[in-house]
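Below is one structure. I have some questions about it.
Chain naming follows the written order as A, B, C and D, and within any one chain the residues start at number 1.
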Amino acid sequence: MAQVIVLNGGSSAGKSGIARCLQAVFPEPWLAFGVDTLIDAMPARLRLGEEGIGFADDGEVTVGGEFRELEDAWIGGVAAMARAGARVIVDEVFLGGTESRARWEKALHGLDVVWVGVRCDATVATGRELARGDRVTGMAEAQADLVHRDMTYDVEVDTTHTESLDCAKAIAGFLSSKNG
Amino acid sequence: MAQVIVLNGGSSAGKSGIARCLQAVFPEPWLAFGVDTLIDAMPARLRLGEEGIGFADDGEVTVGGEFRELEDAWIGGVAAMARAGARVIVDEVFLGGTESRARWEKALHGLDVVWVGVRCDATVATGRELARGDRVTGMAEAQADLVHRDMTYDVEVDTTHTESLDCAKAIAGFLSSKNG
Amino acid sequence: MAQVIVLNGGSSAGKSGIARCLQAVFPEPWLAFGVDTLIDAMPARLRLGEEGIGFADDGEVTVGGEFRELEDAWIGGVAAMARAGARVIVDEVFLGGTESRARWEKALHGLDVVWVGVRCDATVATGRELARGDRVTGMAEAQADLVHRDMTYDVEVDTTHTESLDCAKAIAGFLSSKNG
Amino acid sequence: MAQVIVLNGGSSAGKSGIARCLQAVFPEPWLAFGVDTLIDAMPARLRLGEEGIGFADDGEVTVGGEFRELEDAWIGGVAAMARAGARVIVDEVFLGGTESRARWEKALHGLDVVWVGVRCDATVATGRELARGDRVTGMAEAQADLVHRDMTYDVEVDTTHTESLDCAKAIAGFLSSKNG
């Protein structure tokens, strides 16, 4: 029985919408955490400064050493929540590719994890970034393919032509077939 | 040359996303106001109380007398902005049907207005309402057809299968053909 | 009978808190608009770009030509709402000093306006800016005195040692004595 | 060397402002989590429904069984973050009094924890609740004394007449004297 669902996808690919739909679709309660949960918990100077996470004008994201240390503790904490019995959905952007994923894999070792790739055509994601209006322009395009490089998944969904709720149902279907 | 664009559609139909894309698509600056702009300006007791706007558990919205009076002044103010030379996008939910629209028509009299219907299949809008997670569930379904009853438009877009940016481009295309 | 209350003060001086308390204190409904209402209505590129409003690292704010034009239309629109019968609270930062105020005075000509200075010690405002965590650091200090230079008011309140609600009651008291 | 700071206080007592100031005051990075972090991670139906957290019209808060289970996992996860080396500020409302605190004490066993009481006069907190405008009215008053009943602390601060930043400095001073 799956205890953790990790959604990996670029900015504006629709991960958090899928996470909320998963929470609505499952009869049991699932906690949903995103990259933003961690960023909001950081000191303001790490959110924007040199030691933390930086958003360049072209949408590229750089991450400093102190940020990485807190992130490791955060990942360990989320894993501990799952070990304590909570079902957890993690909404992530593997900017560092398989290395980013390996950090989660190590922390989640021994837990039943479903890895989900959330794809979205770069042009469509860029349009949605404009429509949201609250993001640095360019992140959607910069991340669309990058985060999926060399990655394999248990399930893949593509929000280009599929609604968040239907993606969530596909993921839930995979979980139930796996347990059946 | 259009001075005002009025977008009418149900909750979660995608109006504000289209408004932000229109702002990005047009070379000239347009102001965009939504129903939420007015609601945020109201006293807290009108936002939730009996004299103001109420959101029932089934998503139905009721509006009290004091709310209506402030809304009339707001509509007149937005019209005055357009008369003063600002290009304005209004994102509205005509819950009262043609009567709601008539209030705007009266205030915008003499201005060059483009009326846009923003449609979205009720089931799809309900899914997006879930995915947003910040709305009272049921509003999308309750409003999807209701707001378009007996309404005619200069342009209609449907977000069921069309992205916000493409809807915005279609509206911009109509404006430019009209002026051409 | 006052129709418009204009609150002028620096960033983090507590203007919007006073505005919300005024809305709670008055038995009649008042609309409250802030600088953020206008900024949120602007295209994203004007909010951060060269032609719009810019927030420098030291908290200084610069405003471009297109922003000014839309702001003039906005000011005229708010005045029209008051002329149409709405009671309106405006929460403003007169960065351009008496010139900024003159633009509002001209638009509000003939209306019964109460001008309120909202002061706050620069050090205290800077601490509150830190505590809010959502503002560019430095704006509170840069604006604390600047916005009150050469300004005269009908009422002045100081949030350094006085709660928002008590400031609101003092302003309401002035209005009622004026009408009495 | 303190690894966890737990701030306990009623709604609108100023806990999250103190948490952000602590993050600014400390040279090392601290993560800050609030009750809202957990609530935002919950399924929408638990946030408002019978099985989750409910906000009654008089500001009383009730919490259901499923909420409690997820909360236990959350508490364990935050403790794990501290064990993994992260410095963590927790901003809490001990509605269940010493029993609520005991759940955290058990999870944080063996860690160096500083317990902080954040007091605020009920009338002042109620005024600030009005000024914020985003909270159910009545929570500040209902919780002001309740959460401190039978509680002892390592440090106590009172935001009634003291700014968040000064409260944060007092807490930081306690930590440094303790380590000195």
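Note that in this section contacts are C-beta pairs under 8 Å (C-beta built on N, C-alpha and C of every residue); 3 or more make two chains touch, one makes a residue touch a chain.
None of the values given here were measured: they were computed from a predicted structure.
S.K.: Would you kindly give the rotation angle relating chain B to chain C, two copies of one sequence, based on a CA superposition and rounded to a multiple of 5 degrees?
M.R.: For the C-alpha superposition of chain B onto chain C, the angle is 180 degrees.
S.K.: Specify the chain most distant from chain C by Cα centroid.
M.R.: Taking each chain's C-alpha mean as its centre, the farthest from chain C is A.
S.K.: On a C-alpha centroid basis, what's the spacing between chain B and chain C, in Å?
M.R.: 27
S.K.: Counting in whole Å, what is the centre-to-centre distance of chain A and chain C, each centre being its mean C-alpha position?
M.R.: 39
S.K.: Centroid from C-alpha atoms only, then distance chain A to chain B, rounded to Å. What do you get?
M.R.: Each chain's C-alpha centroid was found; their separation is 32 Å.
S.K.: Residues of chain D touching 2+ other chains?
M.R.: 20, 24, 44, 130, 133, in rising order.
S.K.: Looking at the complex, which residues from chain C come into contact with chain B?
M.R.: Within the complex, chain C touches chain B at residues 20, 23-24, 29-33, 37, 40-46, 51, 66, 69-70, 72-74, 76-82, 84-86.
S.K.: Touching residues of chain C toward chain D in the complex: what are they?
M.R.: 14, 17-18, 20-21, 24, 124, 127-128, 130-133, 163-166
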